[in-house]
Amino acid sequence: MSISVDKVENIFDIIEENQSIEEIGKTIFPKTKDKIPFVETIPWEEPYSEAGQDKRLKYLKNIRKTNMDYISGEKKFDEHEQLKGNIENFIGMAQIPVGIAGPLLINGTQANGDFFIPMATTEGALVASYNRGMKACREAGGISAVCLTEGVQRSPFFKFKNIVEVGFFAQWLVTKLDTFKEICSKSSRFAKLRELRTNAEGNSLIITLEYSTGDASGQNMVTISTNLICEYILKNSPVKPQDWLIESNYSGDKKATAISFSNVRGKKVTAEVVLSRNIIENVLKTTPEGMVGCWRVSTLGAIQSGAIGAQGHVANGLTALFIACGQDVACISESAVGITRMELTKNNELYVSLTLPSLIVGTVGGGTALPTQKECLNILDCYGVGKARKFAEICTSVALAGEISIAAAISAGHFVDAHKKLGR
Amino acid sequence: MSISVDKVENIFDIIEENQSIEEIGKTIFPKTKDKIPFVETIPWEEPYSEAGQDKRLKYLKNIRKTNMDYISGEKKFDEHEQLKGNIENFIGMAQIPVGIAGPLLINGTQANGDFFIPMATTEGALVASYNRGMKACREAGGISAVCLTEGVQRSPFFKFKNIVEVGFFAQWLVTKLDTFKEICSKSSRFAKLRELRTNAEGNSLIITLEYSTGDASGQNMVTISTNLICEYILKNSPVKPQDWLIESNYSGDKKATAISFSNVRGKKVTAEVVLSRNIIENVLKTTPEGMVGCWRVSTLGAIQSGAIGAQGHVANGLTALFIACGQDVACISESAVGITRMELTKNNELYVSLTLPSLIVGTVGGGTALPTQKECLNILDCYGVGKARKFAEICTSVALAGEISIAAAISAGHFVDAHKKLGR
Amino acid sequence: MSISVDKVENIFDIIEENQSIEEIGKTIFPKTKDKIPFVETIPWEEPYSEAGQDKRLKYLKNIRKTNMDYISGEKKFDEHEQLKGNIENFIGMAQIPVGIAGPLLINGTQANGDFFIPMATTEGALVASYNRGMKACREAGGISAVCLTEGVQRSPFFKFKNIVEVGFFAQWLVTKLDTFKEICSKSSRFAKLRELRTNAEGNSLIITLEYSTGDASGQNMVTISTNLICEYILKNSPVKPQDWLIESNYSGDKKATAISFSNVRGKKVTAEVVLSRNIIENVLKTTPEGMVGCWRVSTLGAIQSGAIGAQGHVANGLTALFIACGQDVACISESAVGITRMELTKNNELYVSLTLPSLIVGTVGGGTALPTQKECLNILDCYGVGKARKFAEICTSVALAGEISIAAAISAGHFVDAHKKLGR
Amino acid sequence: MSISVDKVENIFDIIEENQSIEEIGKTIFPKTKDKIPFVETIPWEEPYSEAGQDKRLKYLKNIRKTNMDYISGEKKFDEHEQLKGNIENFIGMAQIPVGIAGPLLINGTQANGDFFIPMATTEGALVASYNRGMKACREAGGISAVCLTEGVQRSPFFKFKNIVEVGFFAQWLVTKLDTFKEICSKSSRFAKLRELRTNAEGNSLIITLEYSTGDASGQNMVTISTNLICEYILKNSPVKPQDWLIESNYSGDKKATAISFSNVRGKKVTAEVVLSRNIIENVLKTTPEGMVGCWRVSTLGAIQSGAIGAQGHVANGLTALFIACGQDVACISESAVGITRMELTKNNELYVSLTLPSLIVGTVGGGTALPTQKECLNILDCYGVGKARKFAEICTSVALAGEISIAAAISAGHFVDAHKKLGR
């Protein structure tokens, strides 16, 4: 049984009837704002030195008109009360090095223009590798990215005496959808209950409540709303469950699962780019054919390894972004599951797409308001309300650039050199 | 075809013949060192305030005789040259709040005694929840943990004209094992080639080279060694491949895969604890039966969601430890896959185990030598050579404590309260 | 994006408002017809002899008032023209031995009463094992079984120039749903288009068309309808695909997939029974605790093996029924995926359920009208229109009886003996 | 821990040192015997009529010098005592129509020459579709097929008090390998214990015993041997398990699992063929590029559906062969899992391979000696001792022909027409 409460608003809904493809293209991907000029003089060449750091900070501050006093270490964290809701038994701050990559040119529905990408990692070569992928994509005119849909789930569990009671209960549930939506809307300004699905197994029933969560990653708000709905159920259901639990471990929280991959969890984003032979040869030092061959091997390797989805190293880029930008890093488990595709176009250019169906991100709540996190989000103009889909499109575009770079490195035989030179 | 080069030394190998179970118990789990007295006065009660932070730091410094000048923010990072191998295009440090949980009492083969656990996270309630699980486990006499085996893989790909050539090639490979081991030993002091497996699919062959990597997580060293071995192969093979790649995406690097879960990737660790009814009622506010019921639902929920393995929220604890301790956080993708089991003993106590077969950790290399990372590893006495298995046992024990705490919270209906009170 | 066209009628829909649980129980599970008296004299004791065969045939003919001239070998197949639609290049008939098990008492929504089950197999001990499980279930008052929902999918693929075109196309598709339903209804009396789902990945889109298929297993009718719909799309879509295929291999046809397991493919049926300690000890020669222990091990074993779902040997019973009853036996791939659960009730009885979410069965079309197949369906009163859900409930109940029997045999240590005695 | 007892003899072992590739090719694939001339006059054109049947039977009898009295219906089954070990409560014979496809030309290590393939099915178009694929492969010079390795597993379960006891037990097990091998060799002439693997999870241990089973599919013989080994363990182990079970559901018996797919279960066979553009255009009515495109979509579709492996409809052909040839049809669950690959060669021909790693087949025991089953095996010259690997190579080649045919049909848009014309 699947009952659509109301449809998650979808990017494609903004299309008006009778628009031409050209008009739609412009509607979906508004004219990319003036690109930040790619300043070759930005001193990437002093990758670790303090002088290099200062020059990069200055450059970024100038372009983005934002402070970076905490990242730079100028200011020391001392607003302890701000930590409430983020940590207990606080003893201090773990410091993770942040490198900057980009600019990454994105033609998204929300993310539009050139972006410098802050990546927090301790893995040498990672920033350099992503940077190279971004360069190739920018020369190709940028990555198109669309946040297709969204939904965060909680899946409470109810056990009854037998199947008959399950049926009776399920039938009753359906009649209460409006009530549940109302309960949800009272529990949070942002959470909206979108859909209720039931999954019967013998005398037990898993209910999946799927919410949109505004610009928060939303796991807490859906938990609180679901709890209130369950309280209502327990009080009002004409048939009393023998047992119930707020979560059946079916929602896919903090783990890679096939259902989150095939449906949605958080945001589902797809992104694409077409790279000319010229770019691939000059920037990536390989050929379209070499990259397609590498992709085929990599996809079959993923299948043979029993992976969920098939991609290269999405986890690398996402994790670096998540740490820098105050995301729930444990959600890398589900967020880094996706599918990369590379194929030759009829003109023998390289078409590349990446789809991430379970990207858990937010631009409010969680760790987003902490000092360095907020600064990193500001570099992306992604702090606060109205920015979550934009951030999701950036995340996916970054990961796509990384997929291109690693496939190029492996197909060209440069994979090892990079790690020898830049890793430890 | 599977050719065991030589067996990964296994913890069970230290058992001598004719030892009694009691003696073996002592051999495997050496007498736990004097426990750190559980000081009730350690001021957990000021969870965010600077005063609370200072008291906790003082307490920890006193117990562990180690500096925490960088975590505390007293010292500012300025050794930029140290960043080489960790980052490019450095712009500064992302700061993630660290909370301390514990003490966690572990009776491991390497990890032995009481440990305070530094956890870097922005998710409220996480540290408190793990802390509660640790308290229950400590009262129960501690968690037994064993690092069972280890192995890090690279899986190069070779394509030939047809199956016949694959067969010829595979046959030749086998005869060159000693050569490959020698190449490996020259490429790194730490990497040891343990096993070579082949996986034929039509005219192509994936070779899996499985290494032990000393105390490093080891992805770079196995890449470098594998590359040298491939160079040897390309130069010397009596049949020339049409195509080859250093990695076929079969090794499971940075992703959850069924084969890493069913074999090993990094370290395979198993841990267990028995909780009395008394502890469960007093510390965890629920019953053994309630927790077993929750586990059953949770395990079936995982199956129904199409997860790999079945566990609750291992990713939460591991990610917090990984960020604090300079691990490759992107490896959460594979490291957080595992299997939790809860069942009643004949005395109606609760038996709990957690097995993590693909835990990618290291105590040298990667981000371990960076300032706050080194400090956090020092809190655990896990910095440097000879500590990786110990750290792996701690990681798994922490995750086990978290599995207990979440199952208790869900079964007792406290899951929501904690997130309401401590989350955001 | 998910657009519910209209809801698959669900068994629970027959519940009327304000009915009590008791009334609902009677509505869902109409009073079980008079049970066939379990005649102990039916000569199971001559399991292979011709005399035994004759007695069993006579007994069955008498009870079911149906012919068994082809199964018995009295009549020889000679209506060759009937084979059209079932085979090409016909050379004769493969003969698979059929054993009879039961009676199996089912309290289903459609299957109601005692059933003798024809099982075609060459695996010794299989019929005997299932028979034992059926005996235990019958003594327990029978198996409750409900066909929860149904749906057969085709998943055509469309590729466009880029994501923008995909969005435009998807948006257009939604407006054409009524048209598609009409096309479907003209293509077949039985197929009804229920739901259309889209799954975008870069510049390509998989459309899932989910149908109900009356009493046919339905793969052919959904293919034909989908083809007509695709033809309409190709002719009328305002944006022309670069490429399209009638099936993207996403529908789960003839393979075990996570999405068929978590949604539905064919019929989704759940069944349950409660076995008293007495029955378990007397009929199954083990204990409820032993069986629950075996189930727990078996479920964890399935997880560790990387299975989809978790069950024991559903494939055995289903395959034997499918061969006997003219089903598409290749669909065992998906049909035998499910989830078995065993747990102690508060009275320490054994609760057992089995849920099969992707059971592909039909009682019209396919091989159902062939001579022995029709006879076997007639034994079950499942030949022809209006019987598919009934047959699905029987299939699941048979499989449930088998799950009970194997868990009992393994927990009691009889598993080997049975195979020694009855196998080869 | 993995202890190789001794290596499963491998086809590649027959290669002698210093042989050239050409010599090896001849060693592995002995010169294909004289092909059966492809007689265009064999009356495929009367696909259902009795006259057509008679002509085909006559043709086959003449070529294969074998009886087909039971398939043809001339003789009626009456040797009831022969049924012992195959069925209980026998009531008669289910009759499944058998069509003949081929000839299929195979250049295997054991299967060598032209084969006519008996397929038992009720699904119209199936035989015709496979036949077409075989025709294309034959014109291309035949399919190369190699049975790479083999192994049938039983996975008993042992539970102990704690991890220490597990370690002690595992250590002891290793020392008893020769004893176990001896026990095995006494239990069966055919079963050979090859390998013992252990899989610890907390206080429990799954042992995987991997056997070769001669020419039987072997599930019964490995059960019996494993039981004897377990009895020895229970009697002699210095540490007594609290609980044990003969099977932990880890062996993959009767289900699709990731570990059987990535290792081996039964036979692992790989097969390949190269089809020229000419053949694809003339026989398959499509293009190499169209088929590669279809394969890519199909592979991504499989990934997105959460399948194990990625193939088209292997289950169809295998099931038809299994029913005809007395195999354990329930094993389609694992046998039909595999990986199909299609790619363009440098000459723009189509390379196709299929690998089936868990093909459970036998040519002795099971249903192989029953009348029609034996006749069908005889058509393939695969009845009895020394034929199992040959039969496995045939099975995989048949499935490969089917993969080609369906991809051609889908890419050419003929998929629907075939089902309309030949299905029901």
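Chains here go by letter, A, B, C and D, matching the order in which they are written, and residues are numbered from 1 within each.
Just so we're on the same page, contacts are C-beta pairs under 8 Å (C-beta built on N, C-alpha and C of every residue); 3 or more make two chains touch, one makes a residue touch a chain.
It should be emphasised that the depicted structure is a prediction, and the values quoted were computed from it without experimental measurement.
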item	value
A-B against B-C, pair bridged by the larger set of C-beta contacts	A-B
Between subunit C and subunit A, distance of the C-alpha-averaged centres to the nearest whole Å	39
Whole-Å gap between the CA centroids of subunit A and subunit B	25
Euclidean distance of C-alpha centroids - subunit B vs subunit C, Å	42
Residue list for subunit A, restricted to those that touch at least two other chains	199, 201, 204, 258-259, 261-262, 299-300, 302, 304-306, 308, 310, 339, 341
Chain contact topology (line, ring, star, complete or other)	complete
Touching residues on subunit D, where the partner in the complex is subunit B	1-4, 7, 10-13, 15, 21, 24-25, 28-29, 144, 146, 148-149, 162-165, 167-168, 170-171, 199-204, 238-239, 258-259, 262, 270-272, 306, 339, 341, 351, 353-355
Subunit B-touching residues of subunit C, taken from the complex the two chains share	258, 261-262, 296, 299-300, 302-306, 308-310, 339, 341, 343
Touching residues on subunit C, where the partner in the complex is subunit D	44, 47-50, 52-53, 56-57, 60, 68, 70-73, 76-78, 80-81, 83-101, 118, 120-128, 131, 155, 157, 199, 201, 204, 206, 220, 223-224, 227, 243, 245-261, 293-294, 297-302, 304-308, 310-316, 318-320, 323-324, 326, 328-333, 336-337, 365-367, 370-373, 376, 410-411, 413, 415-416, 419-420, 422-424
